[in-house]
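Take a look at the structures below.
Both of the next two complexes hold subunit A, though its partner changes from subunit B to subunit C.
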Partner chain A sequence: MDLLNALTAFLNFIVVPGLAYGSQLALGALGITLIFSVLRFSNFAHGDTMAFGTAFVILFTWWFQSMGITAGPLPTALLALPLGILITIAMVLATDRVVYRFYRKQRAKPIIVVIVSTGVMFVMHGLVRMIIGTSEQNFSDGARMLLNPQDFRAATGLAEPLAIKTTQAISVAAAAICCVALFWFLQRTRTGKSMRAYADNEDLALLSGINPERVVTITWIVAGALACIAGTLYGLDKSYRGVVYFSLLMPMFAAAIVGGLGSPLGAVVGSFIVAFSELIVTNAWRKIFSYLVPPDWLGDGLYQALSTDYKVAVSFGILIIVLLFRPQGIFGGK
Partner chain B sequence: MARYRNVLMFAGVAMLFILTGMLQSWNLSLNILNLALLSCIMAIGVNIQWGYAGLFSTGIVGSVALGGLAVVLVSSKPVPEGWAAGGPQIVEALAFAALAIGLATWMYRKLPPGTGRTLGLALYLVVAFFIYRMILDPAVTAVEANNPAQAGNIGGLGLNSLIAWPVGALMAAAAAWVIGKIALGLREDYLAIATLGIAEIIVTVLRNEDWLARGVKNLIDLPRPWPVPKEVDLQLNPVFLEPVAAMNLDPVTASTIFVKLLYATMFGIVLALLVWGCERALNSPWGRMVRAIRDNEVSAAAMGKDVKFRHLQIFIIGSAVVGLAGAMMTSMEGQLTPPSYLPLRFTFLIWVMVIVGGSGNNWGAILGGLLIGWLYLAVEFLGPQVMAVLTSGLPAGPLKTHLQDTASHMRLLTLGVVLLVVLRFAPKGLIPEK
Partner chain C sequence: MAEPFLIGENMTGGYGAVDILHSCTLAVEPGEIAVIVGPNGAGKSTAMKAVFGMLKLRQGSVRLMGEDITTLTPQARVRKGMGFVPQTHNIFTGMTVEENLEMGAFIREDDTIRDTMEQIYGLFPILREKRYQKAGELSGGQRQQVAVGRALMTQPKVLMLDEPTAGVSPIVMDELFDRIIEIARTGISILMVEQNARQALEIADKGYVLVQGTNRYTDTGKALLADPDVRKSFLGG
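The block that comes next holds the complex of A and B.
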């Protein structure tokens, strides 16, 4: 029995990565849920919007690096982020103007708009590939570790190291800031209230003089900014490949639906549920167990419920459970 | 006039294939034709789901992959040692899993609702999962340890791969039944999201479960379906060689073209049968009911139609057709390569075909399949050629390579733009529904 070491390993393999990954998912899922509640469709292009924004952040990062501008211990990408956000917002507003607005005016069926969004996904994916290619891009710089495993071991004398990457800490901090800002915006400001009113009841909102086009524009701005931040954080943490963002769609949708599509709080909670379930199910528990039970009890199994390749199966499983038993989600979306 | 218009459009597409044959090579043209015919069958499957019933599934690639798996299981060489090492035990494990899930559903229905039921069932499922893994894991290790360089899988039945075609349809239908049971009857985008997930899981299974179909190590040398001979055998067969010599043809080229023509005929027959069946179905009371449900679910339900059951039925039929095409494709290619099952290629490309051709119209799906199928594959040889001409003035360097690389990415962008333009300006497609 070595509780401290077991706890450290648990923190190191589950809690820290789970918090970081959950934060990144939350920022993406928030965008999906906002678009769903205001524009009333599931946006399949959201993953590739993230990839698109990140691609530009990477380009600006390289530009800054070539000029010798860095952010000291922080990744240079944080400096490039505002520029990337602006371009992402310009892109989503342009797609709204060119593509989605037509269907909104027509009051097309949501499923048609979903198909349209897959078309947008294609276009964005193609653009990302043309801009930055399909190979892996590492654009993280600055201090790699916030908490160095060797330092931790030296300080505590434990056998197990605990490492916190700078990018993980930044992910959690950024998600916290974004969430607070977003919830303040939705609850306290006039614009935020008009957004919620429009999401709640379109006709009533129109009657009370809310300008729908303005609400839609603001939704796209918020969702685009969040998508760019989420994509950049994910790329910083896991190194960037344009194609992987498509596979983030599944966990993000699962997160949004678990929390209740249309509920921002639900999207955040759902994201952490999905992130931690993924890690708990695909983690090899052997190391943690080895501190808790005598070694000869363990045998030679890895104690891994599913291999990491089946991550998608976890979010899918959660999605199915929710669809079967509580289709409106935890916080009762639409 | 409209009649001539459709005939003209088909003639135009035929010209594309003829020009490819004359300007490039007939082998290439027929190759594209065969893949396009398979795409047509998939497009008919998607059209059944979307055009007839308005169901949007993003999991087409899953059905295609299951069809491919069927070919491996039915027709690949048996691996007796591998099967003996753990085959029966793997089957036992899978049977146990099915039984455990069945029991769980039964208990869920019988037990009184409440926290007790939820917790009890969750605990039961976790325990069942670990028992399942305890049965499965040793068997999988044993199978994969058997001659990993050449086999390492449970092997197939060694039957003719023609038999695998209906099996592929059945497997895709079974998967569709499970997913349809869960996701149909909820919001319509939930089906899209759920099918996206199930397709990704199916492809992941194919990629990672080496015991099943050797995973990314690929399974090659699958036998040909029944009447199709191997090119090498043809080149030695005097019955084939004599007429070829009489026509002054090169026996090697002639044999490859002959084989491809044979495939084209077989696919054409399947396609014709499917279209005939679909047209009959669409013009029957069943077809009218299905369209009535699509156009107004509430009023159809009020007329006593079982909307949920009909959706499930159509979802299963459509998936089965796609699975059939998937099996046909793998049996033509003679190999199963899991990494090639990309959603862009097999889900969204087929969607573009259906929407461009005209959703709800079988002939539209075929026209879209042939046209987009040709376009998608022709860009592969046309794109670099055009790019090479355009960039011929540039000095060799990173810019030139980058531009030439973008040519292959243009394809996705073009597909997206085509989809958006058609949805916006001609939502009914090239051949609209009557």
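The block that comes next holds the complex of A and C.
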């Protein structure tokens, strides 16, 4: 029995990556849930919007790097992020003007707009391919580790290392800041409240003099900014490949639905549920168990429920369970 | 007779090809309570929606203080000083009582919104008590108070109520009617549709009995209650 080493391994393989991954999902899922509650459709293009924004952040990062501008120990991408956010916002607003507004005027059924968003997804995906290509891009620089595993081992004398990457810490911090700012915006400001009112009861919001086009514009701005931040953090933490963002759609939607579509708090909680479930199911528990039980009890198995290749199946499973037993989600969305 | 404060005159129209209203006329003066009653399907709510611009009129006009507002959207009419409380879905269920009132005042830019809110809390004390509670968690009667309060936040000159007492208990209904009288005393015109015809006519300065989209009887509330024909046909004897 070696509880400390087991705990360290647990922190290292589950808690730290789970928090970082959950934070990245949360920023994406928040955008999905906002668009769902205000524009009343599931935006399948959200993953590729993230890829689009990140692609521009990468281009700006390279530009900054070529000019010798860096952020010291922090990734240069953080400096490029505001520019990327602006371009993402411009893109989603342009998409809304050109595509979604037409269907909004027609009062098209949500299912039609969902299909439309799938079309937008393909276009966005193609754009990203043309802009930055399909190959993997690594744009992370600055200090790699906030907590170096060797340092941790030297300091504690434990056999197990604990590593915290800078990008993981930044992900959690950025998500925390964005969530606080977003909740403050929605709960305290007049514009934020008008967004909630519009999501709550469209007709009554109209009677109260709330301008729907303005609410829609603000929603796209917020969702676009969040998408770009989420995509950049994910790309920094893992690495960037356009197609990966498409597969993030599944966990993000699972997160938004688990929490209750339309509930921002639910999207955040749901994201961490999905992130930790993925890690718990796909983690090889052998190492952690080896500290807890005598070695000869363990046998040869890896104690891994599912190969990491199948991690999307976890979100899918969660989604099915939630839709079967609590379709309104934890926080009672729509 | 002088031009009424608000009048929907000879209104003809419907939702589709078929007309529901046939030259129907409704009018109300400042501080007056006008009640629209009639059998199911008589077009009571439709007539009120027509006055508020939620229905396209083929004929007739709506005038507020002599100004023709027939072509204005409902939102524009709110800015002109008309408040409307729909029959259902008339509150923001996920928002607190106070936020509901704040949203009611969304179009106002002056800094006396707080005062209006205090007046509404004075009118409906229970709302002050529940100001931080979600409106969707309140009882039926309290929800109606929130709905009326929200509409009053724009400081309308005319308040239009579509069956404010639908689905509330008789005691709550009496209380709501008392509040509506109080609101009218402040000089606001009230135009409302009511299922509870007898009680509504008792507080009405003016009553409109609609049948199949046309005015059948128009008189003061008292006179309609005393009219044997109206009693026999619409008030159950």
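Here is the rule we go by: the second predicted complex is superposed on the first by the 334 of 334 C-alpha atoms of A that agree within 3 Å, B and C clash if a C-alpha of one lies under 4 Å from a C-alpha of the other, contacts with A are read in each partner's own complex, and residues count from 1 in each chain.
In this section, a contact is a pair of C-beta atoms (placed from the backbone, for glycine too) under 8 Å apart; a residue touches a chain by one contact, two chains touch by 3 or more.
Only a predicted model underlies this, so the values are computations on that prediction, with no experimental measurement involved.
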| item | value |
| --- | --- |
| Partner chain(s) touched by A:R104 [first = subunit B, second = subunit C, both, neither] | neither |
| First (subunit B), second (subunit C), both or neither touched by A:L324 | first |
| Partner chain in contact with A:A313 - subunit B first, subunit C second, else both or neither | first |
| Subunit B versus subunit C as contact partner of A:D200, first or second or both or neither | second |
| Partner, of subunit C and subunit B, that touches more residues belonging to subunit A | B |
| Subunit B versus subunit C as contact partner of A:G209, first or second or both or neither | second |
| Touching partner for A:R241 - first (subunit B), second (subunit C), both, neither | neither |
| Contacts of A:R286 with subunit B and subunit C, given as first, second, both or neither | neither |
| Interface residues of subunit A shared between complexes with subunit B and subunit C | none |
| Residue ranges of subunit B touching subunit A (in the complex, touch as defined) | 54, 56, 58, 129, 133, 182-183, 186-190, 192-194, 196-198, 200-201, 204, 207-208, 343-344, 348, 351, 355, 405-406, 409-417, 419-420, 423-424 |
| Subunit C - residues contacting subunit A, complex | 74-75, 78-79, 84, 86, 89-95, 99, 102-104, 106-107, 150, 154 |
| Subunit A to subunit B touching residues, read off their complex | 41-42, 44, 99, 102, 110-112, 114-116, 118-127, 129-130, 133, 246-247, 249-250, 253-254, 257, 305, 307, 309-310, 312-313, 315-316, 319-320, 323-324, 327 |
| Subunit C contact footprint on subunit A (complex, rising order) | 190, 193-194, 196-197, 199-201, 203-210 |
